Amino acid sequence: RSGEMAKLTQLIDNEVFRAYATYATIVLLKMMLMSLITAYFRISRKAFVNPEDTASFGKGESAKKYLRTDPSVERVRRGHLNDLENIVPFLGIGLLYALSGPELSTALLHFRIFTGARIAHTFAYLIPLPQPARGLSWAVAYAVTISMAYKVLKTALYL
Amino acid sequence: RSGEMAKLTQLIDNEVFRAYATYATIVLLKMMLMSLITAYFRISRKAFVNPEDTASFGKGESAKKYLRTDPSVERVRRGHLNDLENIVPFLGIGLLYALSGPELSTALLHFRIFTGARIAHTFAYLIPLPQPARGLSWAVAYAVTISMAYKVLKTALYL
Amino acid sequence: RSGEMAKLTQLIDNEVFRAYATYATIVLLKMMLMSLITAYFRISRKAFVNPEDTASFGKGESAKKYLRTDPSVERVRRGHLNDLENIVPFLGIGLLYALSGPELSTALLHFRIFTGARIAHTFAYLIPLPQPARGLSWAVAYAVTISMAYKVLKTALYL
């Protein structure tokens, strides 16, 4: 079985695949951070959705007033959902792109711009920066994903 | 390193894997289209969530009236979320299924029906078509994913 | 082409990869179950979002009263979204982790704890159990994903 394991390790030894693994992990960790930021705002703003989450604030009406929406919490949640909507396509298309044999430098360019744009998007959303900062960072990451999808379809198309 | 690259390219040379790459990319592009449709309805209906998005409409009350929900925008957003809920399982289970050595014709059947059903689902949601059009297209794609999951577990089960 | 197929089959023959395939599929099926639970509560509580879904209840006002939110439906939907937010990182990081050559026993430990924690999270959310049951099960699965991400970056880092 060590022979098979070697073959798997070869995949992770390939530089394009390593670059994909690195940037996919970074961008997923960034997305996971949104959960912590949501929790931080829920606790600091005392704004919860689930009755069981406010039980420690006492019973009845005194706890019920913390079941409310807060603009900061909702903003982070929108950023989180936008991450899901854009990072899921990157994960899937990016993996197939990494396996489609692109030039290392071209692949790095795609992965770096996507990751940078999504980090910029998070800052633009959470600060928030005036438009078109958020729109532009969203569009850049979107365009990078389309470019990778084009390469995948050009290389692998089998309908 | 060209030897390793060759091995990777072999993966994308396999016909089942190429079919997976093709349909996964198509279905992800379809999902990404939902972002553009949302943006189109937000702009044409003038219905935004973020105050910074309405700044170009003027200051104060004149801009504030565009911070509102619109039924068409909400409909597209529900379709988008439904895509996420159903395309994420397809991406993961479909990849494992493609690696589990299915017959090419069987694999193509799965990928084509899933992709067709999800495109039909989008039309059924956005037009909208009377039920059970949306429910049925959802169920077909769901059943295809279950069928692939069964094959993956039958081939790979290691608890 | 049977040679290429053999190579793919070798991937699914690797025990770590088979373990990943098994637990990724289980956790995705669990997430898909949330759709059925949502549908069950929507129908039993008669709480829908789309006008076309209530058409069978009659026309006009008699059907319109079923276009409403229900606490149980919303609870399942929050559980579903939380699954997406946490299972997507597991899918991506877990795949890369499985390819990074971990010990089989260590990999199994990661996959089993993650899967167990997410199943516990669902029960904690839907019953619902008093806190910190839900928070703890969430945190355990989150920590497992971070641990896998650390291994991926340690093995594959290529910036």
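Worth a mention:
First chain written, first letter: the chains are A, B and C, and each begins at residue 1.
By our rule, a residue touches a chain if its C-beta (ideal position, glycine included) is under 8 Å from a C-beta of that chain, and two chains touch if they have at least 3 such contacts.
If you're wondering where the values come from, they're calculated on a predicted model, not measured in any experiment.
The two copies, chain B and chain C, are related by a rotation of 120°, based on C-alpha atoms and rounded to the nearest 5. Although chain A and chain C carry the same sequence, what matters here is overlap: shared residue numbers make up under half of all numbers found at their interface.
Centroids of chain A and chain C (each the mean of its C-alpha atoms) stand 16 Å apart.
Contact with two or more other chains is made by residues 7, 11, 15, 17, 81, 84, 88, 91, 95 of chain B. Taken together, the chain A residues at the contact with chain C in this complex read 1, 4-5, 7-9, 11-12, 15, 17-19, 21-22, 24-25, 28-29, 31-32, 34-35, 49-50, 52-53, 55-56, 80-81, 84, 87-88, 91, 95. Only residues 7, 10-11, 13-17, 75, 78, 81, 84-86, 88-89, 91-93, 95-96, 98-101, 128-131, 134, 142, 145-146, 149, 152-153, 155-159 of chain C touch chain A when the two sit together in their complex.
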